[in-house]
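Listed next: structures, encoded as structure tokens.
Next, two complexes with chain A in common: one pairs it with chain B, the other with chain C.
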Partner chain A sequence: MEPLSWTQIFGQMLYQFIPVWVAIALVFAFSIRFKRKLGLYGKLFDSVIGMIGFGIVIFWILTALFAPGISLGGLTLVPSIATFDPLAQIAALKNKVPGTFAPNSEIVYLLGGDNLGRDVFSRMVHGSRLVIGIAPVATAFAFMVGITLGLPAGYFGGRFDTVLSFLSNLVLAFPVILLFYLLVTPEIQAAGSEVNLWLGKKWITSIPNILAAVLFAFPIIFFLLLWNSKFFTQPTKRNILVAISLVFGLWAYSGLAFNADPVSVFGMSPNLLNVFVSVVFVNSPTVFRIVRGLTLDIQTRDYVAAAQTRGEGSWYIMLWEILPNARGPLIVDFCLRIGYTTILLGTLGFFGLGVSPESPDWGSTINDGRKLLSIFPHPALPPALSLMSLVLGLNLLADGLREESLRD
Partner chain B sequence: MVHWDYDGPVLDIQNLSISFFTRLHEIPAVMDFSCVVQPGEAMGLVGESGCGKSTVALGVMQDLGVNGRVVDGSIKFKGRELTEMSDKELRSIRGSEIAMIYQEPMASLNPAMPIGKQLMEVPIIHAGSTKSEAYDLAMQVISDVRLPDPERMLTSYPHQLSGGQQQRIVIAMALMSKPSVLILDEPTTALDVTVEAGIVELVKDLGKRYGTSMLFISHNLGLVLEVCDRLCVMYSGEAVETGSIKDVFDRMRHPYTQALFRSIPLPGADKNARPLVAIPGNFPLPHERPPGCNFGPRCDYFDSGYCDRGDIDMAPIEGDERHESRCLKFDEIDWDKPAVAKESTEAAELGNVVLKMDNLKKYYEVAAHALFSGGAKKVVKANETLSFEAHEGETLAIVGESGCGKSTLAKVLMGLETASDGKIQLDGEEIQNTPIENRPTSTVSSVQMVFQNPFDTLNPSMSVGSQIIRALEIFKIGRTKQERQERMLQLLDLVKLPREFATRMPRQLSGGQKQRVGIARAFAGNARIVVADEPVSALDVSVQAAVTDLLMEIQRQERTTLLFISHDLSIVRYLSDRVMVMYLGHVVELGSTDQVFSPPYHPYTEALLSAVPIADTHVEKEHIVLEGDIPSAINPPPGCPFQTRCRWKSEVAGSKCETEVPTNNVLADGHYIKCHLAKSSLDRMVPVIKVAAE
Partner chain C sequence: MLIFLLRRAGVTVLTIVCLTFIVFYVTNLHPQLEKLARIEGTQRMSDEQVQIWIENRGYNRPVIIRYAEWLGLVPGWTRTDDKGILRGRCVDVDLAPEDTPSRCGILQGDFGYSTVSREDVGAILGRRLASTGILMFWVMLVMVPSALAVGILAGMREGSKTDRSLSTFAIVTTATPEYISGVVLVIIFASSAVGLRWFKGSAATAIDGITFENFTLPVMTMALYGMGYIARMSRASMAEVMTSQYIRTARLKGVSFAQIVIRHALRNALIAPFTVILLQFPWLLTGVVIVETLFNYKGFGWTLVQAAGNNDIELLMTCSMVAVAVVLLTQLISDIGYVYLNPRIRLS
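What follows is the complex of A and B.
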């Protein structure tokens, strides 16, 4: 059969994305209708730049959500966006241009096939799941680490601050890519003694594992401090919140950091753990410095002095008086940082340090396509454009948020 | 440079209206504003924040930003219409013919350029002078603004100078091109009182010498009285009264002007016998102005159906020269009728001693390097041998300028710092070495503080009610949530705020309302001692009186000891029972209010009293301007701390002032000064403030 024309290809792609279009329309209609009641998020819809950024970001989030379709008990609620399984190969479509049909069938690869005969379009759509799944969570972890260390560094100052700032400079001064290579080298991963954990699970004291054990503990510490500092005056409420955080936190911690979740809900493959740890490790010093700077500024305010003069604890002042008032710049930085993280993930994938060799994440697919780029540009371009648009969207969103948070 | 012959008024503003345009609506900032400035005349623009006085100044400079626009009226500068000039013409006028001086001197100077270069730019750009001509002019102007050592000044950078010196440089820069009009926008608000007095004198003197007309913008009526010939009172975007100083101060013909004068503490006001009369209500927001008279809803003489019918024009007042008022009823009102006296209250009985400080010292060690703790250590002597007592129900005022150690005193008292030496006794218990985290809740809750800046005193991310409830929780008051909720509402009642405010966020409150919440929070734990750190200085005049009265009323009810920190001697005289004057960490004078405000004074108290501007034409003041700046606490002068600026120093034989720290010289029961002056010299002191007989 004749290959599809570009118009047909784009028409077909627009059609595949119908669930996303519908969902975006609903989100925008609802947000614009109630924008005066939605605080900073609502204000975003006053700025064209912010709306465009938000639109792009929400597009990729929804794509990630709907990529394989959603069905409940055999009933399809949302049809799948991806046309094929991202790993399925059709030998006849190897390196074929966009719109090519498989011989003697109705099967068509919208954006062509890659060097292993897999569908580029489906791989791009599925790739978003990895990026959208890892980048925000890794950034959130980096923020927890940066906040938990940055607040006391700024607030207490002194030697504690000097040591932490020195360490963060050290991390920042170390070449990032080299650091990644070190972390993912099999020798380094295997170096260390084996420790027996519960239920016959084992854990190796390698550098990435130890880093994970340290870094993943911060969210638990953060929430414990958060609840205890505020609600120590109401012991029942405090105990409930602390208990929930501890049970849930330690459960997730055992799975994520030690891969020893007793009920096997949380867990990460060693590759994913490496990527995650590296991203958190290189991002947290920057967050640390931002939080430290904001703390230095905000702690001179009178409401901080008022809290001190009524005898509040230091952690209450840091987490409930200073942190909420630093939220503006932190939210903006969070958006920007997800963008950086996305690029980092892409870079990691490109260097073959990605999640798994055949995973459809954008960085890896670009790297795969690179080898035949001069002959067949089509496998590398879609993931590259996707990566670019998501980062652009995040930057525009951050710009919009910054602009709107300054306005009245 | 554009110079043209013209001998009419320098600045002629007619029916000026300026609006700012936002996404949602047009916000009129100035409406129907007219004023004329003759050559050599100093015109004062007085009003509260948000009344549009700075907008007028920016309108004259034609610098309204992207949102602002002159929507109506004309601004004529020497007969030429400013609103129709091109950018090029405006550039040649700005900075050369019309110069402006802003509130923050540091923000007006380029921190990366030496002073001399910045000054020389002015004639080089505007008059095309050569470098050497510009240098000579800069030297001359620097000595005109009375800065010592002009050569060194020209080579130094802005951050190497003190605030007062910086403001003098800004004034010098404005004078470099000999402008016809000088616009001063709150030029002394950021400075200390004694420094302010020096700048005000300089501005007055330069105005005369250079023949410059001035537009002097201020919220302080006393300052305007000292500097200006005429003034214009603004309220909510409109000029409400304009005329010569004498007419407006003595024969005011607008209810707002009258209310303003009644709400400021002039000599003779007294918290018990003659309390201040606060203006009820709040300043209207620009898009919520009432119909007719803007002041109507807050006016005692308001006539519904008459005053709110339509726009009101300025009307001339017969018999006075160029005296106008924007009031329909100024002919009907009996202007001499005294204010409806609020019921006077009995002076509170003083109770037992609650707080006793004995030889308190607080030294800070400052390391030369923050990173590596080597190097020479410097010692900042923030507090030196403070001793005083405070009684139950008493108001003790602590007066002093920045760097005098009053904030450190508050910190040590609150337990945020521990004392280096000496004792603090609270109800007989020594607390000087107990930091706040080790103090029992009852001690913490009984010493509380009210802060200066209303925009900073409340956490912007927490509702008003939850902030008060948090204080109650920490002070362990109330057993259940309901009890605390009830107590929080009672506290709102106490500070006269509606109970709905509990759920509001701080940004929805005005400055005065925020300050009331701050007071409620301080009294949440039944405080015995409240340290009020300039609680009203950042508020508008009309709100100040209400907040001050509230504080006094609560104090009377709760029999709290109030430590009132302030640099404003008018308000101190109005409300305090005893006064403590501090300078560079020392208490230089302590006594009852009457004792401190009448001679013999400590020489510093004398200068301070003279420096405070008083908005009363009947007051005659001795003119004392202190030379130089307050020395740094890192490197205080040897001997008496005040000796570098004291004008009585020559009366003390030998070099006693330079070598020996004076001891307390007891003048009367409970009144002492730290001074070497002999009794004969002290007896020759005359009162600084004299109220002339009417």
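What follows is the complex of A and C.
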């Protein structure tokens, strides 16, 4: 059959993304209608840059959500965006240009086939799931670590601060790529002795696993401190909140850090864990430095002095006086940092250290495509442009947020 | 000032020692050594043979002692093998046993031996650093003037159309990591399928001689990513200067706009970006690794990736030492420069 023309290809792609367009239209209509009641999020819709950035980011979030389609009990609620399975290979469509039909069939690869005959379009769409799934969560973990350590370092100062600052400078002085190579290679995952956990689960004391065990404990510590400092005077309420955080936190912790969730809800493959840990590890020291700097600045304000005179505990002042007042710069940095994390994930994939060799994440796809780049440019270009647009969207969103939060 | 410098130098050395020890520890974990043995020997070695290989090369002793050997603080290991030939860390086949030095570490100026290239690390790294130096020179030559020009053009009339379009350009370049701009540039300028075919998509031949054809794309790729940041900094600084009192006075005096920018604003606006340019070095280091891998240019970054991939321990150690030293030195220089440029900050 005649290959599709570029107009047909783009038309078909726009058609595939229909669920995303509908959802974006709904989100925008709702947000603009109620923007005065939505706080900082609503104010975003006063700035054009912020709206463009938010539009791009929400586009990728919705793409990630709808990529395989959503169906409930055989009923298709949302049709899938991806046209094919991202791992399925059709030998006849190997390295074929966009819009080529497989011989004697209706099968067409919208953006062509890659060097193994997989659909570039579907891989791009599915790749967004990995990036959108890992980057914000890893950044959130890095923020938990940075906040839990940065607040006391800035507030108390002294030897605690000196040691932590030295450690964070140590990590920051490390070339990122070398760190990735050291943490993500399979030999290092295997180095360590086996420890028997419950239910026949085993855990290896390798460096990435130990790092995971340390880093993943911070969110639990953070929430415990948060509830304990706020509701110290209401023991019942505090005990309930602490108990909920502990049960849920330790449950998730057992699954994420030790891959030994008793009911197998939480869990990560060793490769994914490595990627996740290295990204959190690289980001936390910078967050630590930002939080520490903000704490040093805010600490001198009158309301902190007032709280100290009232006799509030140190953790109450840090978490409920200083932290809420540092939220502006932290939210902006959170957006920028998700973008940076996305770049880091791409870097990992680019060096072949990604989640798995077959995985459709954008970095790995670019890495696969670059080997034949000057002959077949089409497999590398879509993931490259996707990654770029997502990071650009996050940067614009951060710019918009900064503009709007400075206004008041 | 002297005490400040001494303390900073002390912290720098301590950081380098800590980080190189971490690298040494990780590269010398047992599975890593097994991998090295199988790369060096044959893939089909039995586990016992691997053990013997590791023991014969002195890899089985405590890691802290071997780290001290690498530093040159303690004498290197020696062993006489079954044929009565002296083997050891510092033993050289060409050298008589009497002339063999007892210590050979980085303190003695010996950076070790690359197990993959079978060459002295010092010699390899000298060559590779020179190649990267050439790349960096051209990157700086392209990046700094164009970034400053973009920043100043955008900042001198804040909010104008020029400002908007140049700022958008700067934001787009900061959102484009090297592995993306490199791929896009190769497709546009070097691809045989659709592109313009102006340049080459590989810089492998640039080692022997730099031509416009083989070196433009790597330099452009690296310059683009760093440019956006410097441009945004100099734009902010320029915009701030343009609103200051003395610029208004000059305007009221009737000085032409071009004169104001060149004579009055420029000099004051350029102080801030210069510290930023220095702090770009650590960023450029990551960029060097990506660009050299993408364009197959055998420089420092390429060596780092190869050494890490092959677990070439001594080469990787020296690479990481160089990389860490570069980062720390630029931090130190920019701190001193900042104090020097800004007399309001006192050293205590």
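Just so it is clear, the second predicted complex is superposed on the first by the 407 of 408 C-alpha atoms of A that agree within 3 Å, B and C clash if a C-alpha of one lies under 4 Å from a C-alpha of the other, contacts with A are read in each partner's own complex, and residues count from 1 in each chain.
Assume a residue touches a chain if its C-beta (ideal position, glycine included) is under 8 Å from a C-beta of that chain, and two chains touch if they have at least 3 such contacts.
Here the structure is a predicted model, which means the values were calculated and not measured.
> When the two structures are laid over each other on chain A, which of chain B and chain C touches more residues of chain A?
Counting contacted residues of chain A, the larger count belongs to C.
> According to the stated criteria, A:311 is in contact with first (chain B), second (chain C), both, or neither; which is it?
First partner only.
> Have a look at where A:303 lands relative to chain B and chain C in the superposition and call it first, second, both or neither.
Touch partner of A:303: chain B, not chain C.
> Looking at the overlay, what does A:188 touch: chain B (first), chain C (second), both, or neither?
A:188 contacts chain C only, not chain B.
> For A:46, decide between first (touching chain B), second (touching chain C), both and neither.
Once the two structures are laid over each other on A, A:46 reaches chain B alone.
> Of the two partner chains, chain B (first) and chain C (second), which one does A:107 touch, if any: first, second, both, or neither?
neither
> Check whether A:174 is in contact with chain B, with chain C, with both or with neither, and answer first, second, both or neither.
Touch status of A:174: second partner only.
> Where does A:116 make contact in the superposed view: on chain B (first), on chain C (second), on both, or on neither?
After superposition on chain A, A:116 lies in contact with neither partner.
> First (chain B), second (chain C), both or neither: which does A:140 touch?
Touch status of A:140: no partner.
> For chain A, which residues belong to both interfaces, chain B and chain C?
After superposing on chain A, no chain A residue contacts both chain B and chain C.
> Using the touch rule from the top, collect the residues of chain A that touch chain C in their complex.
Residues of chain A touching chain C: 166, 169-170, 172-178, 181-182, 185, 187-188, 190-191, 207, 339, 343, 346-347, 350-351, 363, 366, 369-370, 373-377, 380-381, 384-385, 387-388, 391-392, 394-396, 399.
> Per the contact definition, I'd like the list of chain C residues that touch chain A in the complex.
Touching chain A from chain C are residues 11, 15, 18-19, 23, 26-27, 29-32, 34-35, 171-172, 174-177, 179-180, 183-184, 186-187, 190-195, 201, 285-286, 289-290, 293-294, 304-305, 308-309, 311, 316, 319-320, 323-324, 327-328, 331.
> Could you please specify the touching residues of chain B with respect to chain A in the complex?
For this pair, the touching residues of chain B are 23, 371, 414, 416, 436-437, 439, 441, 444-445, 447-449, 451-453, 456-462, 471, 473-476, 518, 521, 525.
> Can you list the residues on chain A that touch chain B in the complex?
Of all residues in chain A, those touching chain B are 46, 162, 233-234, 301-303, 305-313, 320-321, 324-325, 327.
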